[in-house]
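So that you can tell them apart, the chains are marked A, B and C in the order they are listed, and the count of residues begins at 1 in each.
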Amino acid sequence: MGVIRYLRDIWRGAVSLARGMRRTLYYFLRPKEIITQQYPDNRLTLNLPERFKGEVVMPHNENNEHRCTGCQACELACPNGSLKVIYKYEITAEGKKKKAIDKLVYHLELCTMCNLCIEACPSDAIKMAQTFEHSVFDRSQLIKILNKPGSKIMEGVE
Amino acid sequence: MWSFQQAAQQIHEWLSERMSAGWALALEMVLAGLMAIGLFAMLGLILVLMERKVSARMQVRLGPNRVGPKGMLQTAADTLKLLLKEGLTPDGADKWLFHAAPIMAIVVSMLLLAPIAFAMDFQLWDVNIGVLYVSAMSSLMVISILMAGWASNSKYSLLGAMRSGAQIVSYELSAGLSVLTVVTLTGSLQISEIIRSQADGWWIFKGHVPVWIAFVIFIIAITAETNRAPFDLAEAESELTAGFHTEYSGIKFALFFLAEYINVFVLCGIGATLFLGGPMPFHIGSWEGLNRIMDWIPSSVWFFGKTFLLIFVIMWFRWTFPRLRIDQLLNLEWKYLLPLGMVNVLLAALIAIKGWHF
Amino acid sequence: MYHETEILETRTDAEGHEWMTINVGPQHPATHGVLHLVITLDGETIVKVDPHLGYIHRSIEKMCESLSYRQFIYVTSRMDYLSAHINNHGCALCVEKGLQVEVPPRAQVIRVLMDELTRIASHELWWGAMAMDLGAFTPFFYAFREREMINDIMEETCGARLTMNYMVPGGVMHDIHPNFQRRVKEFLKDYKRKISEYDEVVTENIIFQNRMKGIGILSPEDAISYGCSGPVARGSGVHCDVRKHYPYEIYSSLQFDEVLESGGDCFARYLVRMREMKESVRIIEQLIDNIPEGDFQAKTKAVLKLPKGEFYSKVETARGEFGVYIVSDGGTTPYRIKFRSPGFSNLSVLDKLARGNKIGDLVAIMGTLDLVIPDIDR
């Protein structure tokens, strides 16, 4: 009986190995199953989902206007100090002092793309962009000023 | 029709006309050496690329595809990089042995090439103990691995070398026994004689059961002897980082790498010669038409085709199976392959005596 | 702390066997991270395994003390990065417990769906990495192929692939993407076909079975006394599935089995994870067509303040029981946070399991413990 079991063990082992080999051969013979995306070549056709969190940007309209009121909600919401609002006081037409941003400094090198600033923003002034190629040669290039030079707050945004 | 044998003959005649026999022989030797080295480099490049492409296809990815057309020059670029890389020698290493080990590995692989018949009647050295010579030489591989492992003065290397020692010495037996099966049937150790005995059919067809068993054992044994997965315990990446060549870098590492692939090629070539008829074309009994077409294909193509088929099988093993543990590896040899091989040699002897083979 | 001499010395035992001490890690292909094991060997046999931790300690617990209750959740994705969703979930649950916020049913279902997808993704990666540790490289790519589909689903709904930060106190950050249900169904259809390949390539393989069976046997008593949880403890037959025994969210109303194996060896732990993937598929199938309408987030105040006191909640991550313990002094930031991470307790049995086995077994045991090093060090 021992010999039969010995031979049966060998047979079973060989069959289990053959099944595995059949699977790898299956893929060897079917190049259509290849799933590799050739990244830098497919840049033009690369579609990232609209919710993808790449970096924080501040959309401006064609008149170079943004929606940021300088309320600092994003700065407070940020867990690691990536956003810094530098604000100033503007004199409105009625002669009142009004808080507005001078600069919204964004430290991309600190940002973890947690989306908390976007959630916190009461006036939808900032949003996440789908860019992801952030590598630069100098760290200082990662410190960005989100509002464009000379931009103003949009009409009607409080 | 053009063939390697005719080309060699023409060169020989051309040289003999122009100079004395001694000079002609010397020049032919130099030429053979150069061709061996050229084959070495070519095989290294082709086999590494083939391994990478085969593994990529099995792993549903593309593999090298950037350097040259379809990534063909990738291995050449890699070789260039390895050549330019600094070769580090660890502090406290046995310098002499450390430098000698990769050279030893490559010399052993080169010596192994001598009796291989690349085409019909085209051999460097048709020694009358050709098969024995290959067995003897391939067991020298372990020495270079032990040298490398010991001289590196690294614990990982040492463990890898010790594993490899136990492994190669054990599997040598199985490889020898399965070779013996064919030798029993042929009645000769000479490679050219073995090839000629298969003119009316390869041993894998003629020798039926014992040769089938011997063939399977031989494939397993040479996989183990060349330290390839699933028997790559000497390197065992996830256990010993890189095993015996952990401390090697640059060209010395490349030599080990090359030696491994050349050994695979040579041993697969021996397997193709013994079991699959080497340069013998595939014939089916009385189908004259088919046989003539098969004869038309050059014998070197037959040899390389069969060898590369076996190499593919070994690569296929590597990219499918997990690695064995050291005790399981020795169990497999001593409890399964060796008894089977011994019974098989008896069976082959019986068949050879009774003339039951075709 | 280790002393240098201890590592370099060759020690001898009472019978005159020479022992060799060897460093595995912090940079080693099998440790999958910066785990440092000092192993003492007698030939190939392991005499002792001594894990040294702290190479990726980032003091996350201390960091959390200076972050508000909304902010600290994102840091916990960086602990067990493979089950980031579930870690975030545990933290969100604890904060909700303190705030006594009722999470809307839609958010609960989305959370459970995400948890189970994460569990599948995490087990996928474990499966591939473990097969690679054992020397089979190809399964790794098959595993990543399926994991990629989950990552794509996550990317579409949460906006990130690994550290999503999708759970917020009171619900989830966004509603699910319109494509979510369709893509999950596509994934499930594909996945059920692919999972049989895993058995062909790895589970049934005779070499693999020999490597796993009877290796690193963990008794149920040891599993309990070492504080193991998750698949490691369930492989020894210990009932410890938090989803089943301390159900949170909607787990109590779902049909699923607590996967148990009695062997306690590597193969049992392996089977637990493989079957758990199938259970997760079952859970997702129950929920994917039954996502209730409604809010995805409960109304919470802009600044969250937990009442004075102590709060604890636990969830079942892919690795085991993950506990969050918050001590609040009534302010906007926690006074003290303690995370009970499953990896740390699971690592502690490594020495026990590995003793007397070969080096190759150590790799197999580490593979089936499914260690994520940032989860251990925090």
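Definition applied: a residue touches a chain if its C-beta (ideal position, glycine included) is under 8 Å from a C-beta of that chain, and two chains touch if they have at least 3 such contacts.
Note that the coordinates shown come from a computational prediction; the quantities given were computed from them, not determined experimentally.
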So that we know how the chains sit together, what is the shape of their touch graph: line, ring, star, complete or other?
complete
Across the interfaces A-C and A-B, which one involves more C-beta pairs in contact?
A-C
Chain with the smallest distance from its CA centroid to the overall CA centroid?
C
Please tell me the distance, in whole Å, between the geometric centres of chain B and chain C computed from their C-alpha atoms.
45
Could you tell me the distance, in whole angstrom, between the mean C-alpha positions of chain A and chain C?
25
How many angstrom between the C-alpha centroids of chain B and chain A?
51
When you check chain A against every other chain, which residues touch at least two of them?
17, 20, 23-24, 35
Sequence positions of chain B contacting 2 or more other chains:
58-61, 319-321
Could you tell me which residues belong to chain C and also touch two or more other chains?
138, 145, 201-202, 205, 207
Taking the complex as given, what residues does chain C use to touch chain A?
67, 70-72, 74-75, 138, 145, 148, 155-160, 163, 165, 168, 173-174, 177, 197, 200-202, 204-207, 209, 302
Quick check on the complex: what are the chain B residues that touch chain A?
54, 57-62, 65, 316-317, 319-321, 336, 340
Seen from chain A, its contact residues with chain C in the complex are 12-13, 16-17, 19-20, 22-24, 35, 48-49, 51-53, 77-79, 112-116, 119-120, 128
Chain B-facing residues of chain C, complex:
20, 22, 28-30, 44, 131-138, 140-142, 145, 201-202, 205, 207-208, 210-211, 358-363
Contact footprint of chain B on chain A as seen in their complex
10, 17, 20-21, 23-25, 27-28, 31, 33-36, 38
